[in-house]
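Listed after this line are the structures, all set down as structure tokens.
What follows is chain A paired twice: with chain B in the first complex and chain C in the second.
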Partner chain A sequence: MKEKGKPATQDISPKNSFMSASYPAGDGFAKAIRAVLTKALDDQVFEAVMMPLKVPKTEAFAWTLLDDTKLLEHASPLPPVMTIQGGKALSELTKHGELIERTAVLLRPCETRAAVELFKLKQINLENITLISIDCPGAVPLSDYLSDPENQARKFQDLMEENGDEDALRPVCRICDKFSIPAPAEGGMEEGGHAADVHIGFLGQKGKRLLLFPLTEKGRTLVEGLGLKAESPENSWETAVQTMTDARRKNRQAFNKDFLSRISGPDPFSEMFDACINCHNCMRACPICYCQQCYYDSEAIRLPSENYLERAKKRGGLRFPLDTLLFHLGRMSHMVLSCVSCGACEDACPASIPVGQIFSLVGDQTQSSFEYVPGINRLQPLPLQAFREDEFCEVEIPCECGEGQAPSEVNKNA
Partner chain B sequence: MPSVLNIKKGVEEGLRLFLESLLREKKVAGVFTLRKTNDEGAAAYTLITDPEHMQQAVPLYPLMPMNAGKALSSHTLGSASEAPLAAIVRPCEMRAFTELIKREQGHRDNLLLISVSCAGVFPLSSLSNGTLSQELPDYWESAQNAEIPAFLRPTCAACEHFLPFQADITVGVLGQKELNKECNLFLNTTKAEEMAEGAPGSITSGELETPEIQAVRKERMAERRKLFEPFTAQDYGLSGLVQTFAPCLSCHGCSTICPICYCTLCDFDSKTHEYQPTSYSIELDQKGGMRIPPGTLFFHTGRMVHMAVSCVNCGMCSDVCPVNIPVATIFSKVGDALAEEFEYVAGRDAEEELPLGTYKADEYSDIGE
Partner chain C sequence: MNEKIGVYVCECGPNIPDRIDIDKVLAEVSVIDGVKTAKKFGLLCSPDGKNFLEEDIKKEELTHAVIAACSPRDHEQTFMTVAVKAGLNPYLTQLVNIREQCAWIYSDKQEATRMAIKSIRAGISRVKHHLSLTKKELEMNPDVLVIGGGVAGVEACLSLAGTGRRIYLVEKAEELGGTVSKLGALIPHQGTAVDLFGEKIDRVRAQDDIEVITGHDVTSARGFLGNFEIEIEPQGDSSEIRNLQVGAVVIATGFGLLSSEHLDTNNGEKNPNIVSALEFESMLAQNAVVGKDGKPPRSVALIHCVGRAELGYCSKVCCLYMIKYAHHLKSMDASTKVTSFYTDLCLPDKSDQAYYDEAVKQGIRFLRSDAPSIQSAEGQVTVEYSTGGGKSASEKFDLVVLAPAMVPGEDTARLADMFNLPLDDTGFFKEIHMMLDPVATPIEGVFVTGCAMGPRNIPETITQSQAAAGKILGSLIPGRKLEPEVKVSEVRADFCTGCQTCLTVCFYAAISFDESRGISVVNEAICRGCGSCVGSCPSGAIRAKHFTYPQIYREVLEILS
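Here is the complex of A and B:
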């Protein structure tokens, strides 16, 4: 880290101007992206792409690594639903090392942020990868989409045209304020810090064009390779992004306040998980949960069976499967500092527990106490890996900043 | 004709009284049964040791939050339960436990296994969408009339093994008249008869396998054929499988929740199936494109090969699937075919050996020399 101890900014709106190149999109968003990718593959700007494709004869989407441009006919760069979290898919692809082909990867912003966290956790090798993020209106809940794909796809299309009903979105998408290029409020991003190499913007462009924002050296090479030039900032895009950011941030504050009041305290919190059947789908869908063997699936927490009865006797009864709440709390403490609020966990929960909203709220609170926003800056180390002398000095007595309190006082104030 | 303990109470309350008396008289040290976990209708299996807690038990609640066979296995994995326990489980859960015992994943000794003539359960999704609480009265009505209501899980509506195999006690539910006034516990073993001594109620006798039950079986078999229809090999085939499993998220929830999938480390989660950069490059070269993560269908067909012969058609896999893939239907269709092939019914008889664990010299001579 260049400047030790420099806190990450909490303001991620694009207050500084980004240079962009423009690309015509009169025939629709997906077609324009297909055209860009076809040209890039034909001209060997990159050799392969990983992106979502619609599986022929189905309503399903799947991540696909491809170099055959014919397959781009099925390309769905921004599907109405999040299937597998893209960061997780990219980790599958690169966790064992540098890819042989130079590969472009199209991701939603939260997937890009997950990819950055996984990169910091050494679960992604970005060596031969160019990350491309796209302005994202959100995604509809997986269960809604599956029960009525056509209608939900239409609702999503309306949202893409900035003319839709945000209530159709997943709860975590409705409160997402990092749907475009997250960047520091002041001073700009350090070179090489941006999450994506190229960002594709379409907000505020009325479907007429795509904007390509090269954000890193790799990104500049890509845009130049396409024969485009990033020349000017685009006011219409900046205004649209800022308006949406403000609205979403307001939603987020309101949500956090309301949800916090419903979830605070041991009983309300544990009741949230009453319907949990311990399938661990949330953990398996989570991009950040990369462990090959989850501690909560391991022998470490398995009791010898003779202890079950003893444990039951202490309280008159013992719930099966054991330690459901411990699993969620433990998983939370392991990954929540890197939680990108993508909502994959909530989509995957068969018991409709608002697990994404819970983790997102806790993420907000814990991340801000470390002044950390996961996934927006590749150069910022993970909070638990970076030692800062001045950090949390208030838990020491006496402390440097003078805000240290004796434990009794802390309790009083809480 | 087996003896029947007749308790003049509603079926669930009667059963609760019986279980409570077992706990009070210390005939068992604990009762493994369902208990409500909130007012919205969620329930979880619980090992109850305090008779006072029995009031919260809902032993016949039509929801399967996990296959109880899996829970019983985790409780009796290393050795049999030290103290006697009673467990109330559905027939498919009993069958799963039996299969797990054959695979050395549990012990039956010291367990009083109580099952039911099963009217099926609701899908898990009915909990969050409110169907369960709404339709619960209808459920009991249909159970009494031995009908198949539309809100049941598809696998339950098409289940032919709704009478338990080798249970110590069978609670009469399906087609039993006056469920709200009478509780009939069919005592199938000597152990059950001993347990029933001194319990509330009176001993009579009766038969579970009535003409009415046989009629239900026929109806459910017809449902089963209907359920399998879209998955016939000729019209369905490999492309059918590819399409069915297209939305799969690779969460492996089906395997995590499956009672038969007991492996600590699934082969398909192991290093064996991980791709190196070169493997991606080669496949890309050959096919022009590939699904990421790879091996979606390989996982499902592989899991099928590993466990389908023991599949008890409990339906947990379908319930837990976040993308509504009819996993249970496909697996139980294959399970049925294997059952016929090997003349084996998963969980029917604890003494019956697993087909792939048994060598028969005269088997499949047609594919030998």
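Here is the complex of A and C:
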């Protein structure tokens, strides 16, 4: 696809330096966040908060909408696991109209990106909502956590303190390069395009402070409402983020190459789904899958038994549950352009299929054909909904802009 | 499965029996589940054939009918009409093409017969999933919207007035009149005074069935012939949107003039001794033809063809009005030296040559030169022009009048986009055929008249407006009914999540979003049944009537089995 048609950025700064305000965090990360949120609620910077709370006396975490600061005692801003994808939780809240009270929502970066994609799909109404994203070291696999919560929580804590073992993380987290503010690579984001309104950074700060980065008008209102001023870039944070991003990017490229070779071709690909029981849990956990009824749960794919008998006879045998591969390929074709690699699907799979990794890989490849990065720019339209005349070059011969293939060349290749 | 399907194989004369074993076909299809009867007939589209079909449908009490015959392009409508007569919903029929798509392409009779049976099986599988659809009837709206209140628009209104319809004349300026009302005088043999046009404007305002809406822009348009939905709003004020429902639209938005800034302005300062045609017209109108010094000019240069070489077309009207200026200047003071510099002289109408000869007789010089150059200094303006053979000369003049090329009006591109109208290379609206269909556009019900289509003089514009009106009068007859497309899309409310993807891909703007229910809704009167929305919906909440997934899938399944 051609370069033309990309929206021009308005920010003219050559390097993407973000200004932040500092907040003391000597007593611990979670405590500092709680303090910030409590102050904000008390000072009525916003009226409600939505974030994960740790369910008392259990190892579970629950997304909670609250306005009672006492409940914040149980706040767990960055749980070691991702239970429900935050974007999905938020869409349940705002599907049918805007919130009438100002609400802050704390999300992991991938949850923020999912929320932005859902916003573009009209499943989330962002009116009166302030999205707050947080630096995220990753999450541990749900099954690992459930079998040994204490140990896993400790491993996660080590990673929060930047001296943990990344092997403890979920596979998609190990290759995630968008764990902080996902500004476009060239530097600069259009006004109103930022995914989150405020970003909270802690990487490189050695647990001493939180950095609050206002990214939009709403974000500035929140930070100023807390009596803070975001006036300086923080070198130690930028360096830490850049180092980690480079490392993760390398991981991702290596993973994409390796995994691609393992699933290339119809047989290797279908073998990946050998254990699939067609429960559709991956679809249910996926924040992007927003349909009232999944096409693959509908009447459309049900056929009379004669059809199955005939297919069985033709192929020598027919496997049940039916159409497993069709479900995955179909779901891919419907949502992979918006896939934010959050891995909720892989956590949800009872058959331990690396579905998150598969969809991440396919996502990267298909999104790049449309020069589209899901969830990082609220103003970048979804590829399916954006008509770009220059895309005709690929199919219309001869094309108007003159850069398409000449008819003689097409006939040569035919 | 309580269908009673009738299968009728038409022999189409010798066409089909020569190549297909019809009796074998009948034997095979009559035992298919749901088929009540399978018969053949010589020529089903003949009066006898149609009678037979009608009687048999009634006799066998059929619930569906599959006709295996020629192409649907030929007789789908024929057999649907027979079904209606027989009391069967016409959409519970299916015409299977075993002539063009079978008998005429397979030379081997066995192969042709096999394929015919397969096609009919597919048609039967499909028809089992057909639903009764009801044709709707809409009143064709006879009202007309005329966009633009200049000569073209006013004439269109007058030609349509008094014919039993309402006409809306929407003009973006506060006053009617367009460019012609800014003219100081008309060309003598085309009209004696601008007042004539003023009379027409008065008549428009006096007509009861014409509503004049000035100071308004047209901001959106949807629909088709007999059924347009238009939105207009006061200039720059979107809070006062007004909806108009009309059956046809006449676009009469006129033209612009090429800017002459590169010739008449030096370092940001406009030279009052170099004026464009419109400026000269207003001088004429105010009887104030003077130069910078306030005195009438003793020498005037009339520069024709400004911008003609660059734009690549002749603006047709300028030579005539330049001669008009020359005559006026001479009549005010016969001693004034008037010189016309032209690249080509355009004198197309009957009286134009004589008008030109008159001018020459009065001592007006006509000099041929490619792109004369203009230099202004203190006081006089120097015109340097070519005299042929690579040589040039220059002269000084008190006043220079420029004839800038006519260019597309500033609203042309926006309206073209709004109504899906093509523009040609010059940027003006494009008619269907320059010679044979000069007022109609590819969009039925939308007409363009006057200079919006390209350089025109007033008589031509009047003619075009009358022609457009004539076409409208012939097609939008009050009381005539419109049958909108039946095979449109529909949204299943229970399955729609309101993502509005279908809305963004609809070319006809036929889908809107219902805020209160949070779902998309299809306007069945505007939907053309193209199916883009169906393809775009991931959950299958929107589907195309008569082209549903089960219908197509079952048909294809039979073909592939």
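Remarks
The rule we apply is simple: the second predicted complex is superposed on the first by the 376 of 414 C-alpha atoms of A that agree within 3 Å, B and C clash if a C-alpha of one lies under 4 Å from a C-alpha of the other, contacts with A are read in each partner's own complex, and residues count from 1 in each chain.
Quick note on the criterion: a contact is a pair of C-beta atoms (placed from the backbone, for glycine too) under 8 Å apart; a residue touches a chain by one contact, two chains touch by 3 or more.
Here the structure is a predicted model, which is why all the values come from computation and not from measurement.
Superposition note: with chain A as the common reference, chain B and chain C can be accommodated side by side. In the overlay built on the shared chain, the residue A:P350 is in contact with chain B alone; chain C does not reach it. Contacts of A:Y295 after superposition: chain C is touched, whereas chain B is not reached.
Touch criterion met: A:A275 reaches chain B, while chain C stays clear of it.
Annotation for chain A, partner touching more residues between chain B and chain C: B. Of the two partner chains, chain B is the only one that A:L99 touches; chain C does not reach it.
When the two complexes are overlaid on their common chain A, residue A:L384 makes contact with chain C while staying clear of chain B.
Once chain A of one complex is fitted onto chain A of the other, the partner contacts of A:L121 are limited to chain C, with no touch recorded for chain B. Shared-chain residue A:N307: touches chain C; no touch with chain B. Closest CA pair between chain B and chain C after superposition: 9 Å apart.
On chain A, the surface patch touched by chain B in one complex and by chain C in the other comprises residues 96, 292-293.
Interface of chain B with chain A (complex): residues 29-30, 32, 35, 37-38, 40, 42, 44-50, 52-53, 65-66, 71, 74-79, 81-83, 85, 124-125, 127-128, 242-243, 246-247, 249-253, 256-257, 265, 269, 274-278, 280-281, 284, 288-294, 296, 319-324.
Listing the residues of chain A that touch chain B in their complex gives 48, 50, 53, 55, 57-68, 70-71, 83-84, 89, 92-94, 96-101, 142-143, 146-147, 271, 274-275, 277-281, 284-285, 292-293, 302, 304-306, 308-309, 312-313, 316-321, 324, 347-352.
The part of chain C that touches chain A in the complex is made up of residues 494-501, 504-505, 518, 536, 538-541, 549-550, 557, 561.
Taken together, the chain A residues at the contact with chain C in this complex read 95-96, 121-123, 290-295, 298, 300, 307, 310, 334-335, 382, 384-385.
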